[in-house]
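Here it is, the structure in full.
Letters are used for the chains, namely A, B, C and D, taken in the order the chains are written, and counting of residues starts over at 1 for each.
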Amino acid sequence: MITVLFFARLREALDCRELRLDYAGDVAGLRGELARQKGEVWGEILGDDNIICAINQAVATDSAVVKAGDEVAFFPPVTGG
Amino acid sequence: MITVLFFARLREALDCRELRLDYAGDVAGLRGELARQKGEVWGEILGDDNIICAINQAVATDSAVVKAGDEVAFFPPVTGG
Amino acid sequence: MQISVRVQHEDFNVADESRRLSSTASGAIVQFIGVMRERNDGDQVALMELEHYPGMTESSIRRIIDTAGQRWTLQGVTVIHRVGEIRPGEQIVLVAVAAAHRGEAFAACEFVMDYLKCEAPFWKKERLADGSSRWVDSRESDTQARQRWSQPEPNG
Amino acid sequence: MQISVRVQHEDFNVADESRRLSSTASGAIVQFIGVMRERNDGDQVALMELEHYPGMTESSIRRIIDTAGQRWTLQGVTVIHRVGEIRPGEQIVLVAVAAAHRGEAFAACEFVMDYLKCEAPFWKKERLADGSSRWVDSRESDTQARQRWSQPEPNG
């Protein structure tokens, strides 16, 4: 099982703050798996080039590997400060 | 009459905070006049290249003109902040 | 190097934070204080909601401070970032840096702020005077401000 | 531009000064706080006496602020410099700048501080732990810091 978190604009668009699923593979594959399970809207939203992915709270690329127990987060560009 | 002020290290070395005298001419001449009236030690101390002169609270060069009513100040390089 | 990172709802007092940083060793303290503006992109903003990613926020700020500490000789860095509801005129963020020399304190403070703007997972949502809400977009100028630091420095 | 210049014996509170500067218009405040160090040139300093040239001090600081105001778009500048007796760990000087953009606030704050160090008529005298006194010498590094600002800027 992995935990997937969504923040800010993305959390609102998907109407989802957190979900858990069985997945092992890379980040690009996780996007595809989420689109398959949750529908095409998710695929479109998560496919946006601007979306940042973090694995265990460190920014990760599309080819980074996700394994059981990981915390994966998707979020838009940050705007703090 | 002009007023002449001395600050910091200079005030201590000359043991003088303020004096008044009749003078008209440039700053270099004022240094000479003070040395003539007060002695050679004043001439040496005021002849130091580092000493800054201000006329009416604005930094002035050796050739700047001093006239009656002016406030002239001599002081070492500043060290505030 | 004395490091303090806080993400909190409450406001902060910059005099207290300056005092906490000013051990008798350090001569220079530089503080950046971000204050919420009343207007943004031409609109009157009534309220701002600041969301963040607990855990990653703190670790990303610590990473930025560590990088600054490797680049300059610093005695202390404090970063406080508020989350939750913030109103115009209120303080949002503090970056405070103590160092023996002011040039280093200035540079490190600006560096931490520039990186925080681009790397720390905070998101601002504005509520306008008419009741509508919008997420604030990231700025190209912030990315540029950060990129400056990876270029060779002009004169040391 | 809101300008405040104060030369005073009393200590100051940087939170009060920040609040005073942060109208709802300005987004960024940068503060430089100079704190008295316990050691200088390898010696333990017990006390510092700060002398100044009343009248010229204020006008020279105002001139520096005016120059900064022509160079950057600023909303307010506060300079407070203490005189008289100051002890290790105490605050000596505050330069606080408010602007819409943080880059301008950082640059203007450092500019004012660099010029103040070289042009405002203040003089420090240290009393050491052994009871002896000495005037602090001006530093070549402060002259160099000021000269930076008269060179063309590297990248705007």
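Assume a contact is a pair of C-beta atoms (placed from the backbone, for glycine too) under 8 Å apart; a residue touches a chain by one contact, two chains touch by 3 or more.
In this text the structure is predicted, and so the values were computed from the model without any measurement.
Peer 1: Starting at subunit A, figure out the least number of steps needed to reach subunit D through touching chains.
Peer 2: 2
Peer 1: Need the most distant chain from subunit D, centre defined as the mean of C-alpha atoms.
Peer 2: A
Peer 1: Rounded to a whole Å, what is the gap between the Cα centroids of subunit C and subunit D?
Peer 2: That gives a centre separation of 22 Å.
Peer 1: Just how far, in Å, is the C-alpha centre of subunit B from the one of subunit A?
Peer 2: 74
Peer 1: In whole angstrom, how far does the Cα centroid of subunit B sit from the Cα centroid of subunit C?
Peer 2: 48
Peer 1: Measure off the straight-line distance from the CA centroid of subunit B to the CA centroid of subunit D, and report it in whole Å.
Peer 2: Roughly 26 Å, centre to centre.
Peer 1: What are the residues of subunit D that contact at least two other chains?
Peer 2: 34, 113
Peer 1: What's the complete list of touching chain pairs for this entry?
Peer 2: A-C, B-D, C-D
Peer 1: List the residues on subunit C that touch subunit D in their complex, please.
Peer 2: Listed in rising order, the residues are 13-16, 18, 22-39, 88-89, 91, 100, 102-103, 105-106, 109-110, 113, 145, 148, 151, 154-155.
Peer 1: Which part of subunit D faces subunit B closely enough to touch in the complex?
Peer 2: Residue list for subunit D touching subunit B: 34, 50-53, 55-56, 59-60, 81, 92-93, 113, 116-125, 135-139, 142.
Peer 1: Within their complex, state which residues of subunit B touch subunit D.
Peer 2: Within the complex, subunit B contacts subunit D at residues 5, 7-9, 54, 57-58, 73, 75-81.
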